[in-house]
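Right, one structure below, let's go through it.
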Amino acid sequence: MVERNIFVRILHPIFVSLIYIFLYLPIVVLVLFSFNKSSIASGWSGFSLKWFKALLQSPEMLEALKVSLIVALTSTFLSVLMGAALVFASRWWKKSFLFNIFNINIILPEIIIAVGLISIFTFFKIPLGYESLIAGHTLIGLGFVVPIILSRFKELDPMLTEASTDLGARPLQTFSKIVLPLLAPAIIVSCFLVFTLSLDDFFISFFCSGVKVQTLSVYIFSLVRQGIDPRVNAISTCLLAVSSICVLVLCSSKIVGQVFGYGK
Amino acid sequence: MNFVKRILQEEYPFIFALPAFMWQLFFLYLPLVSIVVFSFLEFSPLQGFLGFSFSYYVKIFKLVYLKVILNSFFLALFTSIICLVISYPVAYFLALKVKRFKTLFLFGLVLPSWTNLIVQIYAWFFLLERRSIISKLLCYIGIFSEPRHMINSYFSTMIGMVYCFLPFMILPIYTVLEKMNRSLLEASSDLGASRFVTFRKVILPISLPGIYTGLLLVFVPAFGEFVIPSLLGGAKKAYWGTVIVDKFLISGEWRSGFAIATVGVLFLGLFIGLLFSVFKIVKVLKTKRFKLKIQASKK
Amino acid sequence: MRAIKIQNVSKSYNQELILDDLSLNIPSGQFFTLLGPSGCGKTTLLRLISGLETVDSGKIFLGDEDITYQPAYKRRVNTVFQQYALFPHLSVFDNVAYSLRIKGVSEKIVRHKVLHLLAIVRLAGREFKEIKNLSGGQQQRVALARAIACEPEVLLLDEPLAALDFNLREQMLIELMDLQEKFKTTFVYITHDQSEALTVSDSMAIMNHDGQIEQIGTSEEIYEFPSSCFVANFVGNTNIIEGVLYIRDNQIEFKVDGLGDFWVFVPKKKSWMVSGRKVFMSLRPEKILISKKKMENFSNHLVGTVLNVVYKGRSTLYKVRLKNGKLILAFEQNEEHFPQQEDICAQDEVNLYFQKENIVLLER
């Protein structure tokens, strides 16, 4: 249907463009100034990579990066593994029931989950650190992994698993030879998703970070608290680059709908 | 060994579901329950467990704490409304007006929000503080007399909130509109409805579930926000999130913390329940009105 | 090869009874067809035999072995699905090799067997093609090869030709028959197309809407001697006339109101054939000779007016209205052998002649 109303026809795209500008202006400026020679004060004083080099020279930054990576990789591994195992066993339950149980992880405010986590860890006298971070991040990861893989699983032609069983394959064989390969795209996307989510997470990391163990987000937060710091620009640029890759994978796989579209 | 073999041959398939369930149970449900339970427990380091009491609830039932919850409520509400108003046209445009490069547009939309929260906030921090370009620009134009901080205000908090949550409102609406059967629109115009009527009677009702999801995805996290207000808003106002951080990480008053947390979640739950009922009622009313219309036309 | 014995099997879905106390013996090594209207429960029965569903009550035997509760992957029964259900992420070769590899057969033997099979189903040279690049007929043949690969005792075919167009269907039917001959596997074939069934079967069972077996027999038996109006109507076309049976001096007469008496020849007298009983008679359209002239040597004779004439290429179908208002269908082959073919048009008065041997009496 062609818009006959010229007013709307011009305004609509303009409005949308403005929103996109709104979304990108801060980021662009941020990235731009991470290459700025001087620290922010006035305008542009030349191209320089010195802030990136400064990152490498900061032991706290590197330590936080290490923590973030370890937590992200572990959480990804754990949540995807458990999620796939759950799907394997899921034929016995109604899918919507499973969906809802794990959906809660995303619906609940992260701050409550974080509070819950630290109280449990404190109650059992386990010091906050890697364990609590991984516990929390995996939890969030599960909240995404389970709906995604379950949806894809539901979409699979049920006849395929029946054909496999009919031809003599035991359930585990059917799962590994037929279901898993067909679920592979969803699994890969979930991996990227959880990895990014973990890197970007703040709330749970903030509460669950230990004295010596803190993730990148928490460290950056402490820096930002003190004001402008060009090293933050630099690390932000790096994080953005990593996120772009993951978002690219996410968007090109059409999973977006499943992550955000399961409203009532 | 036999048992392991039998598990693998899937005679006990539910075993595979156990890890995920155990994880959920131990790290989510148990903590949640304990939050509520502990908020009622009276503890003393010397005497140990003393018994149940509402004492902590009484402690927090002061006006200041209730105000905190209201602050969060309104923050979340305004954020949601602004996001909704902005999102709908954008989602509509993306779903129905964009023909090519849809993935690119989507990618562009998701990227800013799928980055680190702190990075997002810092980006605005950078942009809005005294020595930034925008400040200088506005000074140049003449709106400001001298470069100054634009952060540490409710306005900057709002900008940050909307910025971080906008894509979460756009995407669900987009998803619903994208999935909509286009021939419905054609049928509607074929039956004589103008574009506006088609929008009101076909597109809007169909997008309602998307709007509901979007509200959920924005309001709930926004309610628990404390980072954005504290970094961009100069920590001038106290929010539910900031109080919780204070109780748990700074002052160590855990029991009050539990109480406040429980109250906040209850409040949130009530509001969401209300929202849900509103949507349901709207749905029912529409069907009822429709039925009444049919009955009336039959007579 | 063992025979299949289905004993008093019942199955419900969503509180709806699909199969009710059904019993059936399927002989081994034959092309057996299960024919019935859509939705009558044939697929359900097939799934019970394959093990993809479990019975609510009753037993299923393969020879002497009770396989009622045996899981599908243990049974030596394979299925060719209606929509083929080929594994999209595996090539043609891998699909066919699937069951062999599950069993742990050595790759050398697998390779040999699969290539041999693909040659038989005329897909040689296409081993490494992707499923999505195959035509319907090709996919169907892959499905077939895949199901036979591990040499099952029973092959179940669930309307495998339904998705193919007419010419391809004819061709595939013949290929299926050849395959069955070659492998001597018991084929259990499901269809709702009676011409398919008649073509392909060594024997068949007719199932009615209520999920019950009406009749079992060879194609000829079922066609020429249907046991009920349902079977007579379902397999081929027929004319059903209701009337009363009379037995006089060992001669059987059939009296119809408004039409008169007919002589009936009954090869074997059944217990329900008593005088005075209300029965039905089935008369196939092709057994009627339609002519404007007077003919001798026919036991039975009817008169009527032609309502319409439908030219069908190979044959012509006449719809004739009898004196009592009943409509009769008559077929005539459009042959060129007898040049004095008369021209029969609508509104013509015609004679319908048929022999007493061509009438089949039906109880219900």
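All chains are identified by letter, namely A, B and C, in their written order; residue positions are counted from 1 within each chain.
Convention: a contact is a pair of C-beta atoms (placed from the backbone, for glycine too) under 8 Å apart; a residue touches a chain by one contact, two chains touch by 3 or more.
These figures come from a predicted structure and were not determined experimentally.
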> Can you name the chains that touch chain A as well as chain B?
Replying inline: none
> Going by the average position of its CA atoms, which chain sits the greatest distance from chain A?
Replying inline: C
> Measuring from the mean C-alpha position of chain A to the mean C-alpha position of chain B, what distance in angstrom results?
Replying inline: 17
> What whole-Å value do you get for the distance between chain B and chain C if each is reduced to the mean of its CA atoms?
Replying inline: 61
> Using the touch rule from the top of the page, what residues of chain A touch 2 or more other chains?
Replying inline: 170-171
> Quick one: in the complex, what on chain A touches chain B?
Replying inline: 1, 3-5, 12-13, 15-16, 19-20, 22-27, 29-30, 33, 40-43, 81-83, 85-86, 88-92, 101-102, 104-105, 107-113, 115-120, 123, 135-136, 138-139, 142, 146, 170-172, 196, 199-203, 206-207, 216-217, 220-221, 224-225, 228, 232-233, 236, 239-240, 243-244, 246-248, 250-252, 256-257, 259-264
> If you look only at chain B, which of its residues touch chain A in the complex?
Replying inline: 8-10, 13-17, 19-21, 23-24, 26-28, 30-32, 34-35, 38, 86, 89-90, 93-94, 97, 103, 106-112, 114-127, 129, 131-133, 136, 163, 166-168, 171-172, 175-176, 178-179, 185-186, 189, 195, 209-210, 212-214, 216-217, 220-221, 223-224, 226-227, 231, 241, 244-245, 248-249, 254, 257-258, 261, 264-265, 268, 276, 279
>> Looking at the complex, which residues from chain A come into contact with chain C?
In response: 157, 159-160, 162-171, 173, 177-178, 181-182
>> Per the contact definition, I'd like the list of chain C residues that touch chain A in the complex.
In response: 50-52, 71-74, 77-79, 81, 83, 85-89, 98-99, 102-103, 146-147, 150
